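Following this line, the structures themselves.
Okay, so chain A shows up in both of these, paired with chain B first and chain C after.
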Partner chain A sequence: MVDFTQVFDYVLMAMLLAIGVAVIRLKNLFAIVMLTGVYSLLSAAWFVSLDALDVGFTEAAVGAGVSTVLLLAAMLLTARDCDHVGAARHWAALAVTVAAGAALFYALPDMPIYGSGDTPANSGVGMDYMMRTGEELFIPNVVTAVLGSYRGFDTMGEVFVVFAAGVGVALLMGLGGGKRDEEDV
Partner chain B sequence: MIEMLGERFTYAVIIILMMVGLYALIATGNLVKRMVGLTIFQTSVFLLYISMGKVFGGAPPILPYYEIKNDSLDPTALYSNPLPHVLILTAIVVGVATLAMGLALVVRIREAYGTIEDDDIAEADYSLELEKGV
Partner chain C sequence: MGAHLILRVVAKLLIPLIFIFGFYVHFHAKYAPGGAFQAGVILAAAVIVYGLIYGMDAARKAVPPWAARVGMALGAFIFAAVGFVSLIFGENFLDYDVLHPDVEHARGQYLGIILVEIGVLLTVTTVIIAIFYAFAGRSPEITEEEW
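Coming up: the complex of A and B.
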């Protein structure tokens, strides 16, 4: 029996694949960057369909929003088009991709059955959080409870990573400008 | 074989999406397009994780507020697994941080070399070394 949301998922899969192929084939960087934003937005829709509401929000705001702005800014500061891909590079990339894909497909039978609740991944610690959040923390959203409370140190580490990246970008781009101002004009 | 693939069709499609991203990453010399390929690869890996936490018939992992308030939580209620969601939330934010870092490097490379095609950059490095007589 196929339920309606599953059909919706198949449509999203087809659109994601089409966008992926279009990104490979296009040469105009503006089109590539905008299609990446569309890819993120479609995957955000799929996240919501997969019951991951928080991830859907984050992907729509951060993946489709901030990433696209960053890529657009980088594109404006660098180039508008990309060069043609040589045959050697195409075949090398295809060989690596096919090898990696074959390895992943070889591992596919070991994956849990899609959507079943009694797999090791779904019956272990994840469901434990589900049971205990209501009794211990009284927070309705379990993802928030795990992120902010049970695994709060991990989230703090994430903040450090973002801070380090911000410092790195600031140092690379030059904080005050200085010498760069002469070159840029 | 067909039954195995039918039960894991979503994973198979996501693996193909990952490989599309990987191809876009390798098969271009343009550094901005390479970051785009990396983003697509990364988003597809997120999809793989989230799809493993999906439970058919399960609700999103948000408990009904009135049940918490009245201490009447239903232990038989079915939810999707919240743990992959937590991991991927962290990964999305870290992914944007690394993307910003990579793009800043690309902009600096453009300032230093005047190009972001890696063949041209390698050539510029080579002629620079020839000039120095290394």
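Coming up: the complex of A and C.
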């Protein structure tokens, strides 16, 4: 029997590949920004197909939405088209891509089968969380329990990373709102 | 973007729905996939859509830049503060059990997760809005010919 969702995954991956090739060949930055947004939206659909719903709608909101807007804003500050890139640099990029791809395929047999129950993530501490969350925290969603409580310190680190990103952008570019910013422009 | 009537009407319909979906993702995370990180980006996306359609001045009126600035720090502060509260009560950092006397039913854990998730929501939403303001505040408006 043919697994329908697997066919769906392959179609999505083929579309991602096609968009990747199109982004390389295009010279118009506006089209490239839009295609990267489409790329993110397709990735989001793919994540949903892989049962990673929360990752899926984060990708849809951040990848397809926010980062497309930011790239457009950045494009408006620079040029509309990219410069011609010499053939020699294409060969170097191709060599790096082929080497990285070959390394990934070399590592592929070591990966557990998709959905397998005895992966390190499912068998070790992950299973422990699955068993204990219901009894200890009374929270049905184990992901929330792990992120919020068991691994709260990690999550705090993530929040501070997000905060640091915001502070970094604010230091470099200002927040575009204060009176001083208007005077600068 | 003065002439884009359809965009304005559709945005007016969609933005409240995006906000409701964001809050749903946040407050339903006990049962459903999602959480404060996801909800934060959805809420910020709603503000960004508002800014794109109705202009930066309207967006700055709705969410002032000082609110984005304060929210960034306040969210991270709330998260760390919950950790220090449990530290002060003599438990491990971020051990929420001290927050509520009913340890049997893990009420403290429940309360702690809600508090830190509010912090995460605040920081993620305002950081993305602040980054949007930083970029969009510098870009010239897109002229009609370029569409």
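Odds and ends about this structure:
As a working rule, the second predicted complex is superposed on the first by the 171 of 185 C-alpha atoms of A that agree within 3 Å, B and C clash if a C-alpha of one lies under 4 Å from a C-alpha of the other, contacts with A are read in each partner's own complex, and residues count from 1 in each chain.
Operating definition for what follows: a contact is a pair of C-beta atoms (placed from the backbone, for glycine too) under 8 Å apart; a residue touches a chain by one contact, two chains touch by 3 or more.
Being a predicted model, the structure only gives us computed values, none of them experimental.
Touch criterion met: A:Ile113 reaches chain B, while chain C stays clear of it. Contacts of A:Trp46 after superposition on the shared chain: chain B is touched, whereas chain C is not. Taking chain B and chain C in turn and counting the residues of chain A each one touches, the greater count comes from B. Touch criterion met: A:Leu94 reaches chain B, while chain C stays clear of it. Contacts of A:Met156 after superposition: chain C is touched, whereas chain B is not reached. In the superposed pair of complexes, A:Leu16 makes contact with chain B only, with no contact to chain C.
By the document's definition of touching, of the two partners only chain B reaches A:Val33; chain C does not.
Contacts of A:Phe8 after superposition on the shared chain: neither chain B nor chain C is touched.
With both structures placed on the common chain, the touch criterion links A:Met131 to chain B but leaves chain C unconnected. On chain A, the surface patch touched by chain B in one complex and by chain C in the other comprises residues 53-54, 58, 62, 66, 70, 73-74, 77, 138, 140-141, 143, 147, 155, 158, 162, 165-166, 169, 172-173. On the side of chain B, the complex with chain A involves touching residues 4-5, 7-13, 15-24, 26-33, 35-37, 39-40, 43-44, 46-47, 50-56, 58-65, 67-68, 73, 75, 78-86, 88-90, 92-101, 103-108, 110-111, 115-117, 119. Across the complex, chain B is touched by residues 9, 13, 16-17, 20-21, 23-24, 29, 32-33, 36, 39-40, 43, 46-47, 50-55, 58-59, 62-63, 66-67, 70-71, 73-75, 77-79, 82-83, 85, 89-90, 92-94, 96-98, 100-101, 104-105, 108-109, 111-117, 119, 121-122, 125-127, 129-131, 133-135, 138, 140-143, 146-147, 151, 154-155, 158, 161-162, 164-166, 168-169, 172-173, 180, 183 of chain A. On the side of chain A, the complex with chain C involves touching residues 30, 53-54, 57-58, 61-62, 65-66, 69-70, 72-74, 76-77, 80, 136-141, 143-145, 147-149, 152-153, 155-156, 158-160, 162-163, 165-167, 169-170, 172-178, 181, 185.
Here chain C touches chain A in the complex through residues 25, 29-35, 37-38, 41-42, 44-45, 48, 52, 56, 60, 64-66, 68-69, 72-73, 75-76, 79-80, 83, 93-94, 96, 105-106, 109-110, 112-113, 116-117, 119-120, 123-124, 126-128, 130-140, 142, 146, going by the rule given at the top.
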